[in-house]
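What follows is chain A paired twice: with chain B in the first complex and chain C in the second.
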Partner chain A sequence: MRAMLLRPAASLGLLLVIAHVLIAIAAPWIAPFAPTSLLDTPLEPPNATYWLGTDDLGRDAFSRLLWGGRVAMLVAFSAGAVAVLGGALLGLSAAYRRGSFDDVLLRLVEMKLAVPTILFVAIFVTGFGQSVPVLIVAVGIIQMMGVVRTTRAAGIVLMEQGYVRAAQLNGESGPTIILRDLLPNVADLMAVEFALRASSALLLVSALSFLGLGISPPTPDWGLMVEDGMALLESEPALVLAPALCIATLVLGINLAAEGLADALGLDAARGGSG
Partner chain B sequence: MPLGWMQHEAAVAEPVLQVRDLSIAWRGPDGRANRVVDGVSFDLAAGATLGIAGESGSGKSTLARALLGHCRTGSTISGGSIRLNGDDLVALSAPDLARRRGRVMAMVPQNPLASLTFHMTVGRQLQEVLRLRAGLSDKAARLRALELFDQMGLPEPEQLMGRYPHQLSGGQRQRVVLACAIACDPLLLVLDEPTTALDKTTEAQVLELIRRLRSARQGAMVIVTHDLNVVADICDRVLVMQHGRIVEQGPVAEVFVSPREAYTRLLLGAALRVEEASRAKPAAPGQALLEITGLGFRYARPSILRRIAPGPPILEDIGLTLAQGEVLGVIGESGSGKTTLGGIVTGLLTADTGRVVFDGAALAARRTPEQRRRIQMVFQDPLSSLNPRRRVGDSVMRPLRLFQGLDQRAASRRAAELFEQLGLEPELLSRFPRQLSGGQQQRVAIARAFAAGPDLLICDEITSALDASVQAQLLDHLAAIQRRQGTAMLLITHDLSVVWRMARRVVVMRGGRILEAGETEVIFRSPTNPYTAALLGAATRAARAGHPELIEANG
Partner chain C sequence: MIYLILRRGALSLATLFLLASFIFFATEVLPGDALDVSLSADELAMMPPEVLARRKAELGLDRPILERYLSFLGGLLTFDLGRTIITRAAVADIVTMPLRNSLALAGVTLLLALPVALAIAMAAAHAKGRVLDNAVSGAAIIGYSIPEFVTGLLLIAVFAVWWPLFPATVTASTDDPLGVLLAAAPLAIATTIIGSIAYLGRILRVGLIEVMASDFVERLHLSGIPRWRILWLHALPAAMIPGLSAAALYAAALVSGVVVVELVFAYPGIGAELVRAVTRREVHVVQAIALAAAICVVLFNLVADLSIAALDPRTRR
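Showing the complex of A and B:
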């Protein structure tokens, strides 16, 4: 942790993430107005009451901005957790078993790479309905594939270690070896993967909302706000730029923090960033 | 003859190399400076050969690099001087140093494969040195390269020029690197562990070549090595280092015969002395525990190829027996198949032909839990044999719970007992592997193996990752617990002194076959196989230094 904070880029990233998380948590108390109530004439320009003006339905854009990260972050971080836990278990099982289990799993990962991400989520959402849990699972599965590859690669190296050999020779069961010997030794890799997957998931959720496949109105959400504001980009640029800036700073923050973490842990950032 | 020779003549009277009070500091990521070389001073006359001996971490390689004016990233020369032929290397600028490297001082790095570029033929690499450093024309460089290859005893230099590094054997690569280093006839030649990567037969040839080069050249030579046998073989003077300081220095004949410092005595104590009685205790006569007959093993090839051309045999027609409580040494160099043999007995690998009978029952590919318990293994690398995320106590208690069905409290009590038997403080049970030294880690690994209550223990090069001073201690503890528990042991190693110390019987392997087998004392004192004789010759040089009568008897 200290080694990580010694890097200015990493501290900046961590600061951005913490600021965003705090704002999202505190939004109900610090937002001047309720995010969904119709308050005034639509499309008021920014003024002393409505700092960013009102949107096309007359809601306070600033309050919606403060609220707008909550659901997206919930989905992104949950999906990141699903991806890392599921991906690590699958990846390490593949490294342990090898053979046909490994082959099938790798082909599945490759198949996912061949299918456009948005299309995959669109089919998933159409099939299971548009809700936050469905979104978490769909985005989690998408992000899981990269984690499978990195943890599998790390697991194959660990399988050659003496302590795994010794456990195998003693006839320890597969789950015991995976949970006791392999999993704890990829913990640092998983921490970095979590950060990278969460940032990538956030971008994906925002893009999905923008396309109408993600979070549904009237929930305040940055992706939705960008979509609503697109038509008014010329007259009211703040309605698009403000939420876009929020998405950008949060994603940037997570990535900088992840890179700093990877450096501090001695992991190759390029390895965590692929897939 | 190159022009450099004339200058060399003038330098003979006074030392070519004068190192005075040299200190090198290494700054860690936490910003703390660490002295890796501390106040080192020595002289080296032209034509002399100095051996720098020490264990890993003694600063010997750092010192060797400094002689070329080079420091690893993060380390700096913090004081002292290195005067080579009158110039102080510490004070010289980087371009001045670069101009001297290869011409005035040159180095032969440790790993010959890593120091040759793999996409260029070795001939071109040598000619490049000759063109850029010696300033020869293309044609002259080619002629000189051929001459150098010939001098290095490389066969058919013409053809060899067109080969790539991976097409050469380890010994040939080392010769090519040597040729590059002496191409410009440097005043000072530094060799870093010149024979560590080579097998003993090749080592002897390369050392012979180095000896010949030394007598043909006037320059000084520094040989960095952990192997006192190499020092005894080709050096005039020796410098023993520990923790960055010089412990002792002087002529080899003097230091090896009557070392003044305790540390030097300790290092020399590890040398093999076959004229003394073996310390290995005979086992009580017991019935046969392990019987191996006609064992063969090949690595599988993809199924289409297998029918046409099976892989090369790794093991062929191996037969040996081991009685209960007996220690059998298996000697062999890398590629001899000794590790494969251990892998088959433990069950990591399955043999293609032959039988392995353990306590009266043939071992199948799938072992019963009882067989797994009774055959345990200790691995070469102590750090990687313990789970870094688990306390070492956990690692030892695991087999106790798995095989003996002990509960947490009983297991922890038994683990503490095992620790004590191996000379480890029971407090260490709650440490993580990285908080222990290499010797302690290996003792924990041994404790884990004994926790299962084995009848047969396979030890695969368990001391080769450890320093000489730690090895002796580890082997004493291992011998004590082995005798106490009456466990039979298959001791696989390339180190003859380990076998001499531990095993009454020995098997010598080469190329997947057993060359010689019998009583250790008989075979070590009068080997009948020329290969065994060569191994013994190499391993007993340190003990013979300064005792010419022993050379007569054994060499």
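Showing the complex of A and C:
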């Protein structure tokens, strides 16, 4: 952690993430107005009451901006957690068992790599409808496959270590070895993977919302706000540029922190890749 | 080599088969059948049971799952994509032109982005650890942290609104010749290129720096061969291999990027078609688009795999 904080880019990234998370948590208390109530005439220019003006329905754009990261972050961080936990267990099991289980899993990973993420979610949304739980599961599964790849590779190296062989010779069961001997040793990798998965999940969720396939109105959401405001770019640029800036700074923050963390731990962030 | 081509080809087919099965089960089995998915909950509740049963029989949805699954696969093998459930339009007719347009956008992007990304990565690797390298790494991390729709909007804001050089949206229509279409979409192309350069530049830079730190480069260096010559003649071909193995990820990212960018600029491709099909619940169109995109990515990956085998004898097992 200290090695990570010594890097200015990583500290900046961490600061950006913390600021965004705090604002998202505090939004109900610090936002001047309720994000979904119709307050005034639509498209008021920015003024003392409405700091960013009102949107096309007369809602306070600043309050919506403060609220706008909550659901996207919830989905991205939950999906990241699902991906890292599920992915690590699957990847390590594959490294432990090899054989046909490993083969099937690798084929599934390959299949996921062949489908562009947005299309993958579109298939889920077509089948199961558009809701936050569906989004978390779909995005989590997509991100999981990348984690399977990296933890499996790490697990195969660990399987050659003396203490794992000793545990095997002691007659320890598979789940015990996976949970007690392998999992703790990939904790570093999992931390980096979590950051990378969360950032790519966030990009994916905001893109989906922008397309109208992600978070649905009237929930305040940055991707949706950009989509709504696009036609007003000329007259009310703040309505579009502010949420766009929020998405970009949050993702940038996570990526910088992830890269710093990977550097500090001696892992290679670019290798994890953002699939 | 022929054995290798056959083996990789068979693996690609297996991947596509798995994917087709996944698509079928996710859209036609788990949530109910194709008609259930095509109707909204209200429409489904309003429809008398005997009408629903009759329509299902007409559409062949009363058959057992296995039979429907086999006829779905059979249809794919004969390139029969079926008809939409509600409007009975042929799916192939709906998908063909948008697919052509999207492929053109992706192709132009790849053609223009690859040399630029390569040049940038070479320059960064040449100056590793110095100002230029740090600037390139910084630009790359910013580049892939910004979603395509934000990049697109910024380009519109700058080059279409404040300084009106280009049109903000594409005015050409779906069936226009590709030349007309691409000429009408300069900002859309610029957006996908920016994303691709950030993605490719990052992968290639890491590959080049890794190769430059290896023993054989050290040896060349000690033999007195100048650094630029090592970089061009020895490191570049070696660094192409990790670059190529990231090709599948890149191809998938490119398609996702294209989908989003199309929506930003109203470019008439599969992205626009996909969103329309999902919101109108046209199951078979979503299936066809997902499969078509996957086939492109799998083919791209197959070519990359075979090129790796051609470049690196060690991988020919």
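Convention: the second predicted complex is superposed on the first by the 273 of 275 C-alpha atoms of A that agree within 3 Å, B and C clash if a C-alpha of one lies under 4 Å from a C-alpha of the other, contacts with A are read in each partner's own complex, and residues count from 1 in each chain.
Throughout what follows, a residue touches a chain if its C-beta (ideal position, glycine included) is under 8 Å from a C-beta of that chain, and two chains touch if they have at least 3 such contacts.
Small disclaimer: the values here were computed from a predicted structure and weren't measured.
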item	value
Room on chain A for both chain B and chain C (clash or fit)	fit
Which of chain B and chain C A:I123 touches, first, second, both or neither	second
Larger contact residue set on chain A - chain B or chain C	C
Partner chain in contact with A:L16 - chain B first, chain C second, else both or neither	neither
Partner chain(s) touched by A:G162 [first = chain B, second = chain C, both, neither]	first
Which of chain B and chain C A:L113 touches, first, second, both or neither	second
Partner chain in contact with A:A72 - chain B first, chain C second, else both or neither	neither
Touched partner set for A:E234, first chain B, second chain C, both or neither	second
Contacts of A:L213 with chain B and chain C, given as first, second, both or neither	second
Chain B, chain C and vertex chain A (Cα centres) - angle in steps of 10°	90
Chain B and chain C, minimum CA distance [Å, superposed model]	5
Touching both chain C and chain B, counted on chain A across the two superposed complexes	none
Residues of chain C that touch chain A when the two form their complex	11, 14-16, 18-19, 22-23, 26-28, 30-31, 37, 138, 141-142, 144-150, 153-154, 156-157, 161, 168, 202-203, 206, 246, 248-249, 252-253, 255-256, 259-260, 263-264, 271, 274-275, 277-279, 281, 283, 286-287, 289-290, 293-294, 297-298, 301
Complex contact set, residues of chain A against chain B	3, 161-163, 165-172, 180-181, 184-185, 187
Residues on chain B engaged by chain A in the complex (per definition of touch)	29, 346-348, 367, 369, 372-373, 375-377, 379-381, 384-390, 395, 398-399, 402-403, 445, 448-449, 452
Parts of chain A lying in touch with chain C, wherever the complex brings them together	9, 107-108, 110-111, 113-120, 122-129, 199, 203, 206-207, 210-213, 223, 226, 230, 233-234, 237, 240-241, 244, 247-248, 251-252, 255-256, 259, 268, 270-271, 273-275
